[in-house]
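Each of the two complexes below includes subunit A, the first together with subunit B, the second together with subunit C.
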Partner chain A sequence: MLSKVFQFLSSLRLTVVLLGLGVAVVFFGTLGQTSDGLYVAQERYFRSWFAYWTPHGSAFPVVPLPGGYLLGTMLVINLIVAHFTRFKWTWSKSGIFLTHIGIILLLLGQLATDMLARESIMSFREGDTRNYSESSMDFELAVLRSAGSNTLDQVVAIPAVRLKPGAELRHELLPFAIRVKEAYENARIRLRAPVMDSNRPPAATQGVGARIVIDEQPPTRTMDARNVPAAVIEISGPSSLGTWAISGELKPQTVTVEGTEWRLEYRPVRDYKPFALTLLKTTHETYPGTDIPKNFQSRVRLRNTESHEDREVDIYMNSPLRYGGYTFFQYQMGKEQLADGGRGTSALQVVRNPSWVTPYLGCILVGVGLLVQFLMHLTKFIARRKPRAA
Partner chain B sequence: MRFTVVTVVSALAWMAAGCGKDEVRVYQAPQDAAPVAAADARGVTPQDASVSPASGSASSRSATAEASASERPAVPWTVPAGWEEKPASGMRVASYGVKRPDGRSADISVVAMGGGAGGELENVNRWRDQIGLEPATEADLAGLRSIIPAGNRQVVVYELDGKKAVLDGKYAARTLAAILPAGEMTVFFKITGENALVAEQKPQFLAWLKSVDTGGGTGGSAEPAPEASSAAPAAPVSGTASAAPAGSTASSGSVAGGGTDGLPNWQVPSGWKAAGPKPMRLASFEIPDAAGNGDVSISKLNGDGGGLLANVNRWRGQVGLAPLETSALAANSTALTTAGGDSGTWVELKGADKTILGAIVARDGVSWFFKMTAPSSVAVQNREAFEKFVRSVRF
Partner chain C sequence: MKKRLPLIITAIFALWILGALMPRRDPEYAFGAFGRLPVVFNGRLQPLDSLARNSLTRIREKDTANLEPTKAWYERPKIISATEWLLTLMTRPEAADGWKVFRVDHPELKAMLKLPEPNPAAGEDGKHYAWNQFGETGLKQIEESARNIQETKKDSSLRNAFDNATLGLYEAMTLYLRLKNTVHPQDTVRFAAEIADYQKAIPAGVKAFQQRMTGSDAFDTNALTEVFGHAERYFVTLRGEPPLLIPPANGGDSFAWQRMGEALLEPSFGAPLLKHLMRVPKAELPPEAVAEGIRTAGTRPLSPAVGHWAAMADAFRASQVAGFNTAVASYQTYLESLRLGKALTKSAREQLYNGFAPFSKAASLYIVAFLFGCGFWFNFAEWSRKTSLHLVQLAFVVHTLGLIARMWLEGRPPVTNLYSSAIFIGWGAVGLGLILESFWKNAIGLAVATVIGFSTQIVAHNLALGGDTMVMLQAVLDTNFWLATHVVIVTLGYAATYVAGFLAILYVVLGFFTKVMTADMGKSLSRMVYGILCFATLFSFVGTVLGGIWADQSWGRFWGWDPKENGALIIVLWNALILHARWGGMVRERGIMNLAIFGNIVTSWSWFGTNLLGVGLHSYGFMSGAFTALMVFVGSQCVLIALGLIPQANWRSFSATASGVAKAPAASAA
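Now for the complex of A and B:
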């Protein structure tokens, strides 16, 4: 029985079927991108175990597909099991072995990139200093309190996915519970108009929530817009401290619990760095007479108090800053529309990918493996020809 | 061998578990610097800054053009002679320019921002920096500012005289800027340009400031009237600093800020949805219907708003009806009395496919316009509700 399972797992037929399915997933994933947008399509078809494709306008899923994770995992298992069952180690096959190790490394490296790589955005105006970058997709409810000094905050950051209606959130560092009353994936905030909204109550009882209403919006799937979540939460310490509206559009609000001031801020997930960048100057050049960008360039000052580094760096297209395990790419640029001569703004894409080296290593192994295999065949072929020629 | 497979599979499963994305994180972080005005509208990424104003202003401009055609442009101030209107963009509520044939020019802007908008000193220093002046200190401010009355309140005015030739390398610049706190917003009126030209324009600028209608005259809520936005999609002086909405689609406009001061009381029929702010309007409602949504607008104009006949004929034009003669107006309208005892004129204008129901109520030198535009079938169904709504008005 077990041997049959291994026979199946190691079969070349399985490899071919998996590769064929891979082609199908790429095809339907590309189709799905038109309606879902890049990010959702990636999640649905490639970063999943199972997927299905639904034609536009159909209410039912039509084409069931294996997800990217399933295909990748099966391919790795297939290759590894095949090595233990079908392949026999000989020197003459060392090239094939190397090639296969390279492929396994590619597959695992891609999975590691998928799991470990983090992309975020650092955006600032000329003169601003940032020591954190922000997620472009995910939000968190940050509950902040002064950490005893004037410059540090103690932060308890609750991911937005935990804010589900009905959830009760507690944390040992918080002297109150947070009960989620309402949660919206995408919503806009507007001031409650006293007359116009006479048939709608305010979003919450406390803070700015008492003066606003939350308009739920359909979640956006496009690349150039993002969802701004909102929620209504109840803070309850020894007694209830009322309901509060939180949203990515609102500034921090202060809640006083037993004499301590806490701040609530619904914000993009932050990733703090042990160093800081100051945006000194932005250069935004276009080709004359067009809006086509020619050069986006940010001059930043990099300061690391631990290593006493303090230097200026230019970041521009194709010339990122690599520092501290992060890569900073020039991403977007704009100008504050405040007044003439407004300050330039710049956004850097910050990528941290601990496994960035695996694809290079994998490709080298595959290349070397193929070369070795080819040379061995060649030398054998030449050696066989020689006696006849003589 | 089995061990290897199990190890690999479990390693994959662990990695697939997502490495703690859902977990609450606890850390210490440096406190954020005090937010500066523009950063209040969170979510405005630099991309938004560079992309959306372009598209946004285009759409708001066309919206305004449309609105101007149907609602008559209205800004809560008198534009001085010689000032040329420019399209508003980005954070600007209004924009004007003055040009001289010799190439000298001045730029006039109105910008509304949340809260203290970064503080007086920061703004003054930004303006100083723009015309090549050294930063001032908090102590200098008192000596730099002058206070003038405008409308029913005091306005802080700064006159900054640049000496360096910062404009085209030829001209020195001068800036006159006024700061008007309005509820939870701050409105900046500013003229900047060639030094002598701005000095020459100073009387016009001050007259302009004085002409700013701060609405209602109650003193407490001295915003320019909500229909102020000549070009921006949102009313300039509503919204709060703490509810600063992202992007340029600042919501809330119409009746906020002034509270109920600016608007009468009324009963909103069930099923109506408050719609976002629109130029020239004090309030908007949407009547959802599968056959096409109905649109209800409330606006006001000073005086007779151009006259009853002109307005009725404008509406008639909007549904494709021929204009009426003065003599025919009485036969085509009825009188209506609101709950507050004000009398008005009620018209029903049925076009080929859409219908306008409207009421015009004149009161204290102001004309109020209540108007429903809807596909004819929807208008018939909602006629009673709309009439009830208009009748419920109490000033």
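Now for the complex of A and C:
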């Protein structure tokens, strides 16, 4: 029985089936991007165990598929078991051996990247300094107490996912509780028009919330737009202090609890770094007489007080800055329309990926392995033909 | 005689090709010399010849203009070169406006614009129309419907054939207008005289302008009106963004070139103030800079190139052959005196390349070679195969020279866009075909080389209808290292997968329809497919992974599941699947062939299909023509696979000798 299982797990037939299913998943995962957007399609087809492809506009899932994780796992098992049971090591198979090790490394590396890699955005205007980058997807409610201008803020950050209607949130540093009344994944804020919105009360009783209404929006899935969440929360110390509307679109608001001022800020999740970048200059060139971009370039000043580093770096397309385990890539660039000629803005993509080296290794192994195997075939083939040709 | 025949035939074709490289003398106007003059358009320096050919191709789908489209070729219709057409459009637009150069095919579009039906007596062929035939109302209608389509159907996959035809015509008309105002405003009669008047008006006009801008009431209204009367006309031409005609007076690269309007307006206003006045976004000036601009207005001389252009334009307009030729020659001398670096050489070589048209020459050779190759299978004997072989070798040399010329002109590795990928896939396939032929000598490698070589030229030709094929690369692609490694290798992977697929098609088609296929030939085909698939797997894998490394280097993500990446991954997976299925004994000869034919579908999906999805980094938007072509191709491959699935007992080949190929699974099953 066990030997049958091993036979199945090591069989070439399984390999062929897995490769065929791989073709199908990648194909449908690509088609899925047109309706779901890149991120959702990735989650649905590649970062999953099972997937369904649903044609655009159809209510029923039509093509059931194994997800990327299942296929990857099965392929790794198939390869490893085959090498321990079926494969006999010979020099003539060294290329295949190398190739397979490389493929296992690539698959594991991709899994590690999925688990460990973090991407965020650092965006600033010329002259600004940042020591943090911001998530492009996730928000957090930051509650800050300003402790004077010379010391650091005291911050309690609550991830957006915990802001569920009905939830009550407490923290030892906060002398009050936060009760979530309403929460929206994606919403727009607008000023309440007293006549038009006579049947809609203001979003909240306190702060700017008393003058606005929240319009819920369907969650966006495209690459170039993002969800801006909003919520209505009640702050209660010993007694209720009223409700506040919070949103990624609103400026920070102040709450006074027992004489202390607290600031409420609904903002993208921040990742602080032990060093800071200052945007010195942005360059945006196009080819003459066209709008085709030729170069985006950000000149930044990198300062690390711990290591006493202070230098200037150019970041541009295909030439990122690698520092402190992070890589900074030129991502977007714009110019504000201002009377003083406009200050350039730049957004850097910040990536931290501890497993970045695995694809390089895997690729070298597979490349060398295939080359060895291919050349062995070719030389054998030519050697066999020679006597006949002569 | 038969021994020498292959070489004689090849020599004749070689002479034909060399003939195209010979310089041609212009009987009257020096159009050749004029076409060599450099201009900056689409962000790159090019000869006027390229601008003319690419624009005419965009408008008319051909790079020559037939002025008598109703005449058949044997009636010798008057056909003029693209350069002559462009020169006429730029300097005598009222003549060019009467030439039928706009190709309009869509019947509904023709009906909407009330364009005449075919009527040879009235000179109407029902396909080509002149600018004048659209009329004021026609122009307005086109513009309105094009705007409407762009607004209501932003997603290009929603557009139907009529919408695409309308947008295409609208773009062609916009381009036509841009070109019309390149040298001077389109209603100019005598350019040199006009410039002289303008120059005379500058000092007084600028003084009045300065007085007015600094708040003084006592300025000369007439002087100001006169200079602004001229300036207004030049401003209008600039709004159409015509090509950049005027070289920098003290040398420099293509970034310093100017449009005629700028060169005319700058002396009166200065560059920053000019941009400010034109309200170029991002050029808002602080008040001090405006004041400085006003103070220094009118102090710069006119570029000498303006005068040269005026001389050429006026002479051509007045039909003065000698005057025109002298003006072109003296402008050429002036250009040589500037420090323009490689610009003039590049311009001249690109004109030569255009006239040589290496890829279309290679395509013709592939057809002839294909016929000789087929002849070999139908008992024309060895001389026929040899002829085919030499012709393919000749075509391969021309093809390679064309690629090298493009690389030199662009300063780039061979593949930079979809057009050049088609050319390069063809090149790779022909190379592989020649290698196969050198081993087997049975004309199969030649068949593959010629069929793929010719088909990729057709694809490239259709892609070239969109205009310039050497456009500049945007920032993220501006890296010769990755273009030379990732793009070249992955494209060779495509080429190899196609070669395997076409070998398999030969197996099925020759086997099913003819008795040419012997068991021996089947075996050698199967060995070829296997070898090529190994090569394809290696190249597509390495190419795909190099793409990942490029992505990791550029934006920190080794694998982003971008459609094009996924397409390449599918090719790798599919090739690996075929190889594993063969090693596992799950498929034999015929099975491998069917899988390899499906590889054609997989490769075409990756090459074209993924670009049509409208998502991801390699998106070129939806092209309905390409989509239809892709679907037709996929359909044809499915038919071939269906044929391949029919048991071999029913094939014309193999069935007779079924016992001889008892090892083939299908035959034994039958």
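Simple rule for what comes next: the second predicted complex is superposed on the first by the 323 of 390 C-alpha atoms of A that agree within 3 Å, B and C clash if a C-alpha of one lies under 4 Å from a C-alpha of the other, contacts with A are read in each partner's own complex, and residues count from 1 in each chain.
Here is the rule we go by: a residue touches a chain if its C-beta (ideal position, glycine included) is under 8 Å from a C-beta of that chain, and two chains touch if they have at least 3 such contacts.
Just so you know, these numbers come straight off a predicted model, no measurement behind them.
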Which superposed partner A:E43 touches (first subunit B, second subunit C, both, neither): neither
Touching partner for A:V26 - first (subunit B), second (subunit C), both, neither: second
Partner chain in contact with A:V156 - subunit B first, subunit C second, else both or neither: first
First, second, both or neither for A:E185, with subunit B first and subunit C second: neither
Subunit B versus subunit C as contact partner of A:D314, first or second or both or neither: neither
Contact residues of subunit A, present in both the subunit B and the subunit C interface: 335, 337, 339-341
Residues of subunit B defined as touching subunit A within the complex: 1, 4-5, 8-9, 12, 15-16, 18-19, 21-31, 33, 35, 37-43, 45-51, 53, 89-92, 107, 109, 111, 126-127, 129-130, 190, 192, 238-246, 249, 251-252, 254-257, 259-260, 263-268, 270, 272, 274, 276, 283-285
Subunit A residues touching subunit B - in the complex, by the definition given at the top: 69, 73, 76-77, 80-81, 84, 111-112, 115-116, 121, 123, 125, 128, 131-132, 138, 140, 146-147, 150-159, 161-162, 169, 171, 173, 188-200, 208, 211-212, 215, 224, 226, 228, 248-251, 253, 267, 270, 272, 332-341, 345-347
Residues on subunit A engaged by subunit C in the complex (per definition of touch): 11-13, 15-16, 19-20, 22-23, 26-27, 29-31, 33-34, 37-38, 41-42, 46, 106, 109-110, 113, 117, 119, 223, 286-290, 292-296, 316-318, 320, 327, 329, 331, 335, 337, 339-342, 349, 351, 353, 356, 359-360, 362-363, 366-367, 370-371, 373-374, 377-378, 381, 385
Subunit A-touching residues of subunit C, taken from the complex the two chains share: 40-44, 241, 243-244, 254-255, 257, 259, 281-282, 284-286, 439, 471-472, 474-476, 478-479, 482, 531, 534-535, 537-538, 541-542, 545-546, 548-549, 552-563, 566-567, 569-570, 573-574, 576-577, 580-581, 583-584, 586, 602, 605, 610, 613-616
